[in-house]
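In this document, chain identifiers A, B, C and D correspond to the written order of the chains, with residue numbering beginning at 1 in each.
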Amino acid sequence: MLKQTEGSRAVAEAVAMCRPQVICAYPITPQTHIVEALSAMVKTGDLEAEFLNVESEFAAMSVAIGASAAGARAYTATASQGLLFMSEAVYNAAGLGLPIVMTVANRAIGAPINIWNDHSDSMSQRDAGWLQLFAETNQEALDLHIQAFRIAEELSIPVMVCMDGFLLTHASERVDIPDPGQVDAFLPRYDPRQVLDPDDPVSIGAMVGPEAFTEVRYLAYERMRQSLGVIEAAAAGFAEQFGRDSGGLVRPYRTEDAEIIVVALGSVLGTVKDTVDELRAGGRKIGVLGITTFRPFPADAVREALGGARHVVVLERALAPGSGGIVTSDVRTALVGRSTHISTVIAGLGGRAVTRKSLCALLQAEDLQPLTFLDLDTGLVDRELARMRTARRSGPSPENMLRDLGITASGIG
Amino acid sequence: MFQVRFHGRGGQGVVTAAELLASAAFSEGRHAQAFPSFGSERMGAPVMSFCRIDDKPIRTHEPVTEPDALIIQDATLLHQADLFAGLGREGYMLINSARGFGELGLGDFVTDFHRDRLLVVPASSLALTHLGRPLPGAALLGGFAALTWAVSLDAVLAAISEKFAGPVAEGNARAARAAFAFVRDEREALTDA
Amino acid sequence: MRKPFAITLDVGSSRANHTGAWRTERPVYVHNLPPCNNACPAGENIQQWLYDAEEGPARYEAAWRQIMEDNPFPAIMGRVCYRPCETACNRAQLDSAVGINSVERFLGDEALRQGWKVPVDAAPTGRRVLVVGAGPSGLSAAYHLTRLGHQVTIKDAGAEPGGMMRYGIPKYRLPRGILDAEVHRILEMGVTLELSTTVTDIQAELKNGFDAAFVAVGAHIGRRAYIPAGDSARIMDAVTMLHGMEEGSVPMLGRRVAVYGGGNTAMDAARTARRLGASEAVVVYRRTRERMPAHDSEVEEALEEGIQMRWLSTVAHADEGKLLIEKMKLDETGFPQPTGEFTELEADCLVLALGQNADLSVLEGVPGVTFSDNVVEVGPDLMTGYPGIFAGGDMVPAERTVTVAIGHGKKAARHIDAWLRGGAYAAPAKHELAGFGGLTTWYYADAPATVRPRLEAARRVTTFDEVTGGLDESTALFEARRCMSCGNCFGCDNCYGVCPDNAIIKLADGEYEVDYDYCKGCGLCATECPCGAIDMQPEPT
Amino acid sequence: MPYQRIKFYQTGSFAVGNRLLADEQRSVQSGAQRSNALTCGHRACQGCGEALGARYALDAVLRATNGKMIAVNATGCLEVFSTPFPETSWQIAWLHSLFGNAPAVASGVAAALKAMGRTDIRVVGQGGDGGTVDIGFACLSGMFERNDDVLYICYDNQAYMNTGVQRSGATPPAARTATTQAVGREPGNRFGQGKSAPLIAMAHEIPYVATATVADLRDLEYKATRAMDFHGARYLHILVPCPLGWGSAPADTVKVARLATESGLFPVFEAETGEVVSSTPIRHRVPVTEYLRIQARYAHLFRPEERTEVIEKIQAAADRNIRRFGLMPDVTERAEVLASATAESPGKQ
C-alpha cells in the first residue's frame, strides 16, 4: 500500500511486520521516532513483543544478545555515540553469531557534539563482524529491514541497517508498505543455530585460546564471504515476492559507458543521480555506483561495475583522520591491478548539505585532487590555523570558527 | 518540480505544515517530499521546513535553496536575514498576517514580483475563529492552494482529514476553506485591478 | 543443532581434564582411636555403640550387643563404673563430657526389660576351664571363655555370686535385682557355678579334668592398723561391716560413727552408717581432700548426705565414746607428718577403712607362682608362674575397680583361649588417638549434658533405695547424640558437600570415596570434617 | 527444603546432610544423585570458594525449578575456569557474553522466554564482585528497576581475582591487593565509604535480597531456593573466599568465611521489598582479629607492629553490623531459641 509517511514510521512498520519478539530501546537522536512508534504498537497490542526501556545502549545490545541466544527474534536501534557506547556488545553479538537486526540512524560522532548526519558512527563499527546495509531511500530502508532479518537468521550473523539520520529518518516520502502476509511468506520463522535450552543444554561463549582462535576468526571471514550470495539471493527473493528491486550488493546508474563513476552510499545517491543526469545532458560521460552492502565489501561486484571507468570518485560521508577515505581504501583494493584514477571526496560531514550545485562544479573539474573536502570554507580554516600558529592557547576551534561566521550552532540543514 | 520553504517558529507546526502539503500532493497521485531543517531549536526559535512536489520520483535530499514558494507562518520573522533567499522573480509568497505589505514594510520588496503571487492572509485569526487555537498551518495551506494551485483545496482537506481527527480536523478544514476563499478573493481583486 | 565451532561447547566436557594431577597431598579416610575407647578398662568400643544408640530404638539392641562384645555387665557398669571414659571425653573441652555411663545404663536396663540374650556361636572346644571366684573378674572371664566355646565352671566360697559387687558395694549404689539378672544371664549361657565351695588344691583341680584355671578371688580382707585403744572401745573394719549388711547381720554402730580412711570403701561405710541411723558420721583422713583416693562423685554424694570430713587427722587413741585425734600436716613430699596437736572426737564406734588384702592361700605353695607385697605376680598375659594358671582382678597388681576386674576377665579369657589352642594371643595394634585438636567443633551444636536425677538427700539417708536414677529414652538418646564420634566418620556428608571439585563420591550414607582423578588436594574436606576422620597425606613420589 | 536451624540434640553436622536426617530434610548436596551444575575438571584454584558457592547455588535453583533454568555469566574467574575451549564444566544451559552486561543479558533471556511463552524456565545471572558492583552495576540497577524476572547472584571474593587481585568496589578497607599494596603511610586499601551491593539492591525495593556464605551451605541453599519463590528481580550476594587473593590456606576457605560471619564483618540476612525480614544470629562471636590474622592480605595490620587504630576501625564496622542487623539476639531471645530447639523430639522425623 502506497503511503506518504516519515521514514522512521515506515521502518517501524516494516520491523513490526517482521514480528520481533524482543525490542530494546534507549533514546538517541535521530533514531528515537522508530522505537517510539514500535513502543506504541506494543502498547496497543498491534505488535506482540517484549519492549524493554533499558538504561543504556550497552544494555540495549546486551538484552538483544540474551534474547537472541534464548531463541527470540531481537531488534534494537541506535546512532552515533550510542553505537560507540554499545560497541563492545556489538562485537560480542557478532562473535557469538547472534542474528540481531539493528537500525543505525547515521549521525556524526563528537566532539564537538553534533546531532546531524554523516557515516562516522557505522563506519567505526565496519570491522565488528556485522553485515552493513545502506539505504538510499525510505523505501529501501523499509525493504532492507525485512531482508535483514532473513539474511541474519540464515547466516547467524547480525545485520546493521544504516539509514541517514534526519535526511531519511525525518523525511516524509512516498513508500510502498507491504502487507503482513507478504512479509510472513518472505521471512521464515527464526530457527536458531544455537539456543539456550534446559532440555538440550550447551555452554555458549566459551573462552578460546591461541589453539583455535585463528580458526574461529577464519570461519567468521568465510561466513562473511558466503553471505554475499545470501544477500543477493535475498534481494532476488524480495523482488519476486514484492515486485520491487531493493537491497543486493551494488546499484549502478548510467555506468555502462561512463568514464567517470562516482561511488557513494546512502541517501546522497539521489542527489548524485540528479547531478549525473545534469552532467550527462552536458555531454559528460559519468555514472554513479551505489554501494548497498558495505560489509561484507562486495569487491567483485564493485570491480565489475566500475568496469572501464577512467576515473573513480568516491564520495564519503566519513573521514579516517590520518588516512582519508574509508570506502576509498576498499574500492582501491577492489581495483588493484587496474590503472583507474581514484580520488576521494569527503562531503556532508555533521549534516553539511551535499548540493547538486557543488557536486556539478566538483565533477566538472578535470584536476580533481586525490582528497577533496566538498564546500570546505578554506578562509575559515586558514584563519583558525593561523590563530593556532600564533597562540598556543588559541581556544577551542569550533567556537572560534562559529564566532568568525557570526552565527550560533544550527542553520540550514 | 515545485519546491516550497516554510518559515516559522518552533511549536507553530512548521514541520506538520510541510508534511500536510506533501500528503496533499500525494493524495493527488504526485510525488512529494517533506522534511524539516534539522536543528536543536526549541519552542519559539526560528525554524524552517521544506516540501517538494513533482510528477516523477524525487531523488535529491538536499535542502531547498531556490524555493518556488515561501510560506511565512510568522510575520515577526520578516526582517530576519535571508528569509527570502533563493526566491525567484516568478516565485510565490504567502505571509500569515492581518496587515498589508505596506504596513509590514515590504512595500518596495513586493514590486519586484508578480503582484498576484505575493499575498498576506490572517491565518492565525482564521485558525482562532475556526479551530479555537492560533495554529496557522492548515489555513495557510488552504490559502496556498488558492495562491499557487500547486495542490487543490480538496487535496489539502484530504491531507487534513488524514492527519487529524474529530473537531481538530473539522476546525482545521474550516480554517483552510476560509483562507482559501480569502486568498481567492484577494487574487481576483488584484487580477481585476 | 549445528553448533558454532569453539564458541559453543557440549556440557560436562571438562571431565576429560583430570585435575588430580595438581595434587601434592591426598585426603585419606581414617579411623582414629576415640579417647573414651582408649580409657575404658574393659576395652569397650564406646564410640561405636553410641553411634548405634543415637539412631534410636531400632538400633538399641545393636548398641547393647556392641557393649556385650567386651563387657557382660552394662546395667552394672552404668551404676558402679567410675567412668574413666567421661574423664577422657573430648566433649568435656567443648561443654561437658558425654554421659556415656548413663547411656550404658539405659541400654543395660533396656536389655533386661527386653530379655535380650547372648548366643554362644563358637563350636564347643571340649576344653574345661576352672574359674575361682565369682566376682566381676571371674564372671567376665567365664562369659568370654564360654563364648569362645570352652566349658567353664566357677567355684566361689561365698553364698551368692558377685564378689565385691555384692559384698563391697551397698544396695543404694547397685540394686541386687540388677546384679542377679546380669549374673543370671551369664549362667544361662551354660556356665556351671558352685557356691560355698573353697578351692584348696588347685593343682589337683587341674589334674582332675580342668585344662586351665583363672583365679580371681579378689581382696576382701580388711587391713588392720594398730591403734592404741581402751578395752571398751568399739572398733570394726569396713569390709566386714559391709559384708555383714549383705548377710542381714546389721552391726550395732551407735549414734555417732567415725570412719577411718579416705577410699571409696570409707565413703560406703560412712554412708551406710547414716542409713543405719547414725545421726553423725565422720570420715577421718590423714591427708587432704585432693589426695583422697575416693572418687569425687562418691565424696560429693557423701557430703550431700551430711557426712562430715576431718582432713589431716589421724586416730591417736580410741576409747569408749570418744577418739583422740592428732592433727597432721603434709611435708614437701606430700606425706602427712604429726603436729603434736590433739583434739577429741566423740564417737560410739570406729570403722576402719584402710584398704583390703587378698586371700592368696589358694595359690600358696603352687610351684612357680610368686607373690610380692600381698599380690600375685603375673605376666602381661595374666598367667602366673604355673603354666595354665592365670590370675586377675584385685589379687593382681592393678587399680582395684569393678571395671578393671571385668577387663582382666576379658583379657584372661583371650590368653587362656590362645594358650589352650597352643598359641599366644596378640592384641591388634591400636589406632592413633583422636585428640580434641583434630575436631572442627563448630559443627557440633551446643548441648549441655543432662544430669541424672538423684534421690534428694533427705530421702536417701533413711533408705537403701538406689541413689542415682536412670535416663528416660529421650534423654538417653540426647546423650548418645552428643557424642562427637571422635576420629570416626559419622556420615555428615561435609566432605562430600564442601569439595569444590566434586571429588568425593558418596557410595551410601556414611560411606565415601575420594575421586583422585579430580581431587586437587586442597584439604578442605579434612579441615571441615567435624570428627577428624580425614587425614592429608603426602602424595607418593 | 525448609532451612532448619541446627538441632540441639544432634550428633555432628547439619552443614550438608546427616545420616540421622530424613531425606527431605537433607541438603541438595548430600544426595548421591545431585545434579552438579558445575562438574569436575574445572580449572579453579585449590580450595576455590567461588566454585563451591556456584555449585551450591545453581544446584539449589535447578532443584527449585525442576531443571528448567538458564544461567548467564559475566566475565571473570568463574567463567574462565569453567569454560576454557574445548571443555566446559557446566551441565546447564549457560551463556557468557561480556564482563559488564550479565544482568542485561539475563534480562534479555527472561524477556525472550516471556515472549515465547516459556515462563516455566527461570533465569539466573551471575558474576564476581567486579562484574557486579563495578562494571556491571548500571545493568544490574536497570534490571532491578525494571523488576525483570531474574535472580542475580554475586560471588563476592572482594577483588578482581581473574586479572590478578586488583582492588574492586567490594574490596574491604585495609585489604592488600595488587593495586592497593601494603606499602606507604596508609598500606592496603583506603578506608572509604565501602559499597554494599545488597543494601543498594534493597533500595530498589525488589522482591528479595539475601546474603550468604560458603560457611553455612545449608543457608546458602535455602536462600537460592527461597529466591525462586519470588518473581521479578532478586539478588543473592554470596561471600566466597579466594585463597589466592586473600592469602589464606586453601583448606581454610570455609573457615575464613565462617569467621567473617562470626565476627560480624559479613552480616547474613534476608530482605523483602527493601525490608530486612531475617538475619542469622552469630553463634560464637569472635573479634575481627581472628578473621584478619589468617589472611595474608591483612598481614600488614599485625607486622612489623600491630596497627591498632585500623583494627579498631574494622572492629567498629563489625559492631555496627551486629547492631544494624541484630546479629546478637538478646538473652531472652536466645532462651527461646534454646527452648524451642530442645522441645523438638529426637530421632528421624
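Following the convention adopted for this analysis, a contact is a pair of C-beta atoms (placed from the backbone, for glycine too) under 8 Å apart; a residue touches a chain by one contact, two chains touch by 3 or more.
All values derive from a computational prediction rather than experimental measurement.
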Between the pairs A-C and C-D, the one where more C-beta pairs touch: C-D
Subunit B-subunit C separation of Cα centroids, rounded to whole Å: 116
Whole-Å gap between the CA centroids of subunit A and subunit C: 93
Intercentroid distance (Cα basis), subunit D paired with subunit C, Å: 49
Centre-to-centre distance between subunit D and subunit A (centres being mean Cα positions), rounded to whole Å: 45
Sequence positions of subunit B contacting 2 or more other chains: none
Subunit C residues counted as touching two or more neighbouring chains: 6, 9-11
Multi-partner residues of subunit A (each touching 2 or more other chains): 96, 201-206, 208, 212
All chain pairs that touch each other: A-B, A-C, A-D, C-D
List of subunit D residues in touch with subunit C within their complex: 6-20, 26-27, 29-30, 32, 36, 38-44, 46-49, 51-52, 55, 82-83, 85-92, 94, 214, 217, 243, 249-255, 258, 283-284, 341, 345-348
Touching residues (chain side subunit A, partner subunit C) in the complex: 95-97, 156, 193-195, 200-206, 208, 212-213, 215-216, 219
Subunit A-touching residues of subunit D, taken from the complex the two chains share: 67-70, 72-73, 79-80, 82-86, 88, 90-98, 100-101, 104-116, 121, 138-139, 141-142, 145-146, 148
Of all residues in subunit C, those that touch subunit D in their complex: 6, 9-19, 22, 54-57, 442-447, 474, 477-478, 480-485, 490-494, 496-503, 506-510, 515, 517-518, 520-524, 526-528, 530-531, 536
Subunit B partner contacts - residues on subunit A that touch it in the complex: 2, 4, 6, 30, 115-117, 137, 164, 166-168, 170-174, 267-271, 273-274, 351, 353-357, 409-413
